[in-house]
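The two complexes that follow have chain A in common; it is paired with chain B in the first and with chain C in the second.
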Partner chain A sequence: MSSYSKEVIADLVAGTLPWPQTRRVMSAYKDDDRFFKYVAVLQDRVEWKDPILLPVSDHLFICQSGDERVTKCECGHSFGDYRKNWKLKAHIIVRDTEESLREIYPNSDLPDPEWMEIREFICPECGTLHEVEAAAPGYPIVHDFEPDLEGFYRDWLKKPLGGE
Partner chain B sequence: MDQLTVTQPIVIGIDAGGTMTDTILVDSNGHFKIGKSATTPMDEAEGFLASAEDAADAWGISLESLFSGVGVVLYSGTGMLNTLLSRTGRKLGLITTKGLEDMILMGRGLQAWADYSYADRLHAVTHAHPDPLVPRRRTHGVTERVDQFGDIILPLYEHEVHAAAKKLIADKVDAICIMTVFSHVNPTHEKRIAEICREEIRAAGADMLVYTSHEVRPVIREQSRLNSVLIEAYATSRGRKQLKGIEDVSKKYGFKYGVQTLLSFGGLTSIDHPRLHETMISGPIGGILGAAYVGKLIGNDSLICSDMGGTSFDMGVITRGQTRIENEPLMDRFKLNVPTLHLDTIGAGAGMILKVDPLTKKVSLGPESAGSDPGPICFAKGGTEPTIADCDAILGRLNPDYFLGGKVKLQVEKARKAFKEKCADVLGVGLEEAAEGMIDMLEADANNALRRVISSQGIHPSEFTLLSYGGSGPLHLAGCSRGIGFNDIITFQFAAAFSAFGCTTADFMRRHSVSTQIDIGSRANDGELEGFGERVTAVWNDLTKAAVDEMIADGHAREKIKTIPFLMMRYTGQLEDVEVMAPLSEIRSVEDMRKVLAEFEAVYAKVNHRVSRYGEAGYSITELGLIATADKVKPVLVKRPLGKPDPSSAHKGVREAYIGGRWHKANLYEMDLLQPGHEVIGPAIIEHPATTLVVHPKDRVTVDEWTLLHYSHA
Partner chain C sequence: MLDKPASTLRIRERLLESERLMEETGCYDGITELELRNQDPLKFETLHTKLRAYCVSAREMARRISASPGVREVGEMVVAIYTPEGDAIALSNGIMVHVHTMSRFIKWMIRNGYEDNPCIRDGDIFANNDAFIGTVQVPDVMDVVPIFHSGKLVGWAGAVCHELEAGGITPGGDVALAQERFTEGLFVCAEKVGENDELRRDYVIRCERNLRMPIYWVLDEKAKVASCIDMRESVKALIDEVGLDYWMKISKEFIEEGRRAQLARSRQLTVPGIYRGHTFYGHVTAGKPGYQPLGDPDWLYNMPIEMEITTDGKIIMDFEGTQPWGFHSMNCTPAGMDGGMFVTLTQHMNFEGLVNDGAWMATELKLPKGTWTNPDSEMAATATSWALLLPAYGVFQRLLSRSFIARGFVEEAFVGQVNSPMIEMGGTSQYGTLFGMAHFECAAAGSGALAIKDGLDTAYVGWNPESDMGNIEIWEQNMPMLYIGRSIVPNSGGAGKYRGGCSFLSTWLVSKTDHLRLVTSEHSSRVFDNGGMCGGYPAPTCQKHRAVRNSNIFELAGKGAPLAHHTGTNPHRSELELRLEGEHVTVEGPYITAPHKTGDVFTHSYNGGGGYGDVLERDPVKTAWDVENGFLTKEAAEGVFGIVLDEDADGFPVANLDATKRHRAGMRAERLAKARPVSDWIASQRSRVEAAAFAPEVKKMYASAIKLSPRFTKDFSDFWQVDAKAAFGVE
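Take a look at the complex of A and B:
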């Protein structure tokens, strides 16, 4: 069906594709080979060679690192096995006071720090902010999701993962 | 044929559409010839000339003798629309009432999805406002306020205007636009702001234009008024340049007069027209004018005109002689304040790209069109997506060796291969079956759209005559019109240039109007009625002077100018107006005023239904206007006696064509050779260099004394 060049996908990922073209992509049927082109674009962007298996957020990826599958920052910092919550190994800023919340909401109402705190997860090596979560004070750090990599590759992409 | 080449054309009508530029040449006897060429948006003069040359060739004369002999060149183009679409217009600044500075950014909600397909209208993530024509930082609010009665509530703070003007001058804008609230009722503040801006511009020694909304269009609804003034300031300079380019090449080939262009409400004007944005939506308007003209010939004043080209299917309605005026049309998703002949449009045309979703097997037509470049696959100009035109070629309905008179050789094999791979195989059906299915879907869409348009008129379809034209109108006519029960279905030898033909039937025209708030109670007494009459007449007199002065400036003699005042009226409390042509030129007595009200009721009953009249509610006059016209030479269709029904003199062979699920041996006829009285029975294909009429098995086409082609279903 529809298919776009890698350059178009690269512009789309970078947010530099002009709006009329972006909208045409949005309105068309999904392109079959999008995932692999998307991953190839990301792979070009990172400096390391480990193959990306699944993007987790803008600068965070699950990749094949030797025999292991690890969560890795764009800078190359590894957060360890992808089945473990990578957030536990990140630097965390907790905003649980009016003063610290005011830093990010200078002009508007604030959440009540007694009821909610904001946690920012940062790469210990390059300082990239990977994730932000809002939770009640005392609530454990949220494990966002543990992807079924094999199932995803086998059943959805029709390209089973090698190895395991 | 030879008789046509003896005379000299006197009118050239050219209509540049999104894909093709069509030309029609008309001589004083009403003979015509048409030409076609691809539109060239960068320099429209190229496409203009190529199209004119094509028509001149058909007539058998040179471009020089064509242009030196004609009296009128009409051109309706896309220059301004392209300026707007590509955002390559002037750098603007805006001064507006304080508090309304964000009006440009917020726009109207519907501007975020106007022109979208139904699926995308629901798919809210695709909604986006059009890029503003003026950035927020070049928009300045000044303190002032006029209320809806025109009373000044807050005086104009002139020091703020000075400051704003200075900033815009420092920003080096090309033009300053001014729009304040209720300036259509009382323009004092806008005028004063303009004065101050001009003072500041002079003082700074700068060269800038100043536009005020009350001059461009003194009509209620500030968002549309704002868009009108902005687009006038933004897009018209390049548009005028394109038109000037057309005039220059015409003169180079010996044309002696000024080029004319078409107004969106159906008149002609010189290219120096002061409000050039009124010519922006002119392309499809020609068709309605042409339809009105043909309607007079055939004696039916209820007509549906349908224009199918490469991208869209436009439908216009004339109900018992009345055309509908749309007061706030959309232009590149900006709501404008320009009266426009009303058209309904759906995306359906021969250039539509066909897609089949491999998972769900859902077929979708368009909305993208292959346009003229790269065009359908069969053009072999680099197109890779199958289109409806490819299906027409695959099914033998288009003649591969006679497209545009043989100028484009259709590569049927190439189209077959791509269509099989991308559509037929995905659907798992035979090639021809899939191709015919695609065409059926397109025709069903158009058929439904026609039914919808008719049912909204509240009049039975059997009162209407369908006029079908446009490059691919006749090709899909049978399917589009089947089962609706029209009184008559007509197409033309010059179908491909019908809009251009329509333009040539127009008169020179000006339309001036102003918003009013005149509410006339149902029990108004004689004294009150007389008072209303005086108010109306005073406005009409002002408008007459303005319109006539403009036309005299365009070079028309005063005694040639006819003026007709009109009113936009509704029953008090309604939301929509009807346009009422005044039965008299001024209102001098109670009886005159009663005549005007009676005329409104008559028009209302025609457009809606007589039982829907509701005088008890009272009457509101929301707009008063004036149309000034001056005559020009028009084509005349020639009436010739009916001959024998046997069309064998036009017969040119037999071709295999796939219609209704199987291949037929279809007779081929040359459209231009059909004579009054001829009768063609399907399966047949009537060909013309610029269009093709497919006659389905057992259907019939008869040629009448005007050489119009009447299609009747079996």
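Take a look at the complex of A and C:
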């Protein structure tokens, strides 16, 4: 089975691994030790110490923060209990006018703001755009992911959950 | 291990027994142990590879028989080998969505007593394009032949081609105007169409007299039958070699192995839990000629999906909360939904090992009765079911991708597929003959971005992983239109750290005809029908059609004056308007109008995919390349991505890294200043929701979802803290 160095995984995650090598990673059998190497790469990237338990987006991680498990932005901002929808604790920009939609789509035909709006979920601390929803006005905000964190560590990783 | 030599049961009883065994043991056909694989793994793998080779070579051979540019040029065909009960053992490349729909077709015949009447005999050919029996849409015509060995039914060989003309109310196969089954075209409902390896003459005559362009369908039939016979003979020779009992046993083990491999792969690549996403599709037909007043002319559909990955690796997809089926051509049968699942899994998880129906058995689809995913009337039309199926499975791809990202397999994360709008046509050809055709250059859309790089430009569609737009010269031979442009559409991928793949736009001059009907479908109106991921934006997929009637193009060409070759980047004034005189038309939604004639100009654009990641993280150097090559406009680079471009001595764009850094810092600050807490926004929206102060189509969408789904009602009520039923006047 395949296995890669932490450096290779770091480059892969950063999108800087040269394409021929990336291609080989894509075509090869998967490396079963990926998860913890990946988490180690991400842990090196962040400036805080809370152990990452599960990445859930490009810059969002579930981590062990004292006794709590929270969803955290890469900048360190906490969105609270990981079982709750982090979006509800985020900041938002809603594009529901032709003018505001035009800023993102300068050269295309636009949706009808009466039928669809673009919602941008932003970290209130660092301004990272974490997620975009395109939804009809009035559509409830989606809770994208509720991981079975306990089941994942217990049954699949066969490792204790919760840091050290 | 249950030991079953070639069964003496009749096939219907055998099918029921197989289902019962699966129910009891949880394993396909009760195979709790892979005995033959354990005995000799090398032989096991070799035999499956042989079966796969039979399929691939049969398909390639058949493509040379077909006359249709759909099959010859862009490979709209797939073939597969099945067990006697109709489960796929091995398949070719191509439109893999149909491997499982064909399985449904075979099982349908078995369940409906075909063994007694019309009888299943060696040399018989059965055909079907009825989606409620087992296919996606009327142009997907499938042929299967039984495989007999030593007097016993030992399997089936099957082949599907997507026909370019199906004889419906509008020309082509994705019959856009069909609002009921009765306008979709020529139906072949699990019919015995041939005996002794030959198509029946009366069946061919029926095709010839009911299609606008019978040569495509009829020669495709011959191609399919040839490929089925080829596979059948190969399988028989293989059985001569390995023995009948061995074949009966190993063919089943292949499937059980496929099922186990799928579960193992979920455990290897994903994270268990619940994933959610949604997309929308808008349809606008008010005032268009030909639409019957059967339902609302304009409507909006929501497509919410909840996916659960259980700790044993099973993937469950639930469509609860989506819209009812309607009097339009975009409904989908459970067979089509299954097919969508199958083709998506083959691309995302089953990229190695034994690909077959086993993978599908490790999944479950929950399709609420009465919705477009599972109509409770078999008169519902499904001719353009891809219009909803593709966006829905695009959501599935994003949900799966979230799990790959969580697990660390970022190279597999893929924002996914988009709808690929189709143009179809009919009338009088450039040769003066009757013709009809679906134009299949749509098989080359832009893909969604990946989590580590930009999406594929004009090189991906969900339904046929071997994406191909075909050669212009071949298409021009088959229709009375000449290309005056085929170009990349700038900014057509969703913006993001990695942008979605771009789409292209074709511009045609209608030529040598006085009667050309042009019809388009699978184009969402007023809403984007795709999404981005992790901060990426959706692709702009609600483009309008632009055309010019009675243009002065011949006059301009005579003078050597510049012509329009695309619509340009000004959404308010197209290149057509700038360069051509004539009657300019802009049409929203499906293009259904009076026939065109020589001298008219028509444009049609395809879709790009959604973006991945925050736009402010996009690489400025790559962006300069994108602008130079027409994938992004300079305007978008600066306004959307915050990338300042200068020009080098030759006038080519180069990224100004310092200015970009400053500009982006300003954009980030502006973002933070503009954004407000989500809780404030929710509070500000609540009264609007309570008053249901929405456009009529939006209001109707909520009312329909609330009526059909208790879960949607509860989620909606809980989220807004309103009584959803009261707000939307639902009893």
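Keep this in mind: the second predicted complex is superposed on the first by the 160 of 164 C-alpha atoms of A that agree within 3 Å, B and C clash if a C-alpha of one lies under 4 Å from a C-alpha of the other, contacts with A are read in each partner's own complex, and residues count from 1 in each chain.
Just so we're on the same page, contacts are C-beta pairs under 8 Å (C-beta built on N, C-alpha and C of every residue); 3 or more make two chains touch, one makes a residue touch a chain.
Since we're looking at a predicted model, the values are computed, not measured.
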item	value
Fit-or-clash call for chain B and chain C when the two complexes are aligned on chain A	fit
Which superposed partner A:Pro55 touches (first chain B, second chain C, both, neither)	second
Chain B versus chain C, judged by how many residues of chain A each one touches	C
Which superposed partner A:Met26 touches (first chain B, second chain C, both, neither)	both
A:Gly15 touches, of chain B and chain C: first, second, both or neither?	second
Touched partner set for A:Glu7, first chain B, second chain C, both or neither	neither
Contacts of A:Lys89 with chain B and chain C, given as first, second, both or neither	second
Contacts of A:Glu68 with chain B and chain C, given as first, second, both or neither	neither
Contacts of A:Glu98 with chain B and chain C, given as first, second, both or neither	neither
Shortest CA-CA distance in Å separating chain B from chain C in the superposed model	6
Chain A positions touched by chain B in one structure and by chain C in the second	19, 26, 29, 32
Chain A partner contacts - residues on chain C that touch it in the complex	267-269, 271-280, 282, 300, 302, 304, 311, 352, 402, 405-412, 451-453, 490-492, 495, 497-498, 526-528, 531-538, 540, 542-544, 569-571, 612-616, 633, 635-636, 639-640, 668-669, 671-672, 674-679, 681-682, 685, 688-689, 692, 694-695, 697-698, 701-702, 715-716, 719-720
Interfacial residue positions of chain A with respect to chain C in the complex	9, 12-13, 15, 17, 19, 22, 25-26, 29-30, 32, 34-35, 37-39, 54-59, 87-94, 103-112, 114-116, 118, 120-122, 124, 127-149, 151-152, 155-156
Residues of chain B defined as touching chain A within the complex	117, 119-120, 123, 125-126, 128, 355-358, 368
For the chain A and chain B complex, residues of the former touching the latter	1-2, 19, 23-24, 26-29, 32
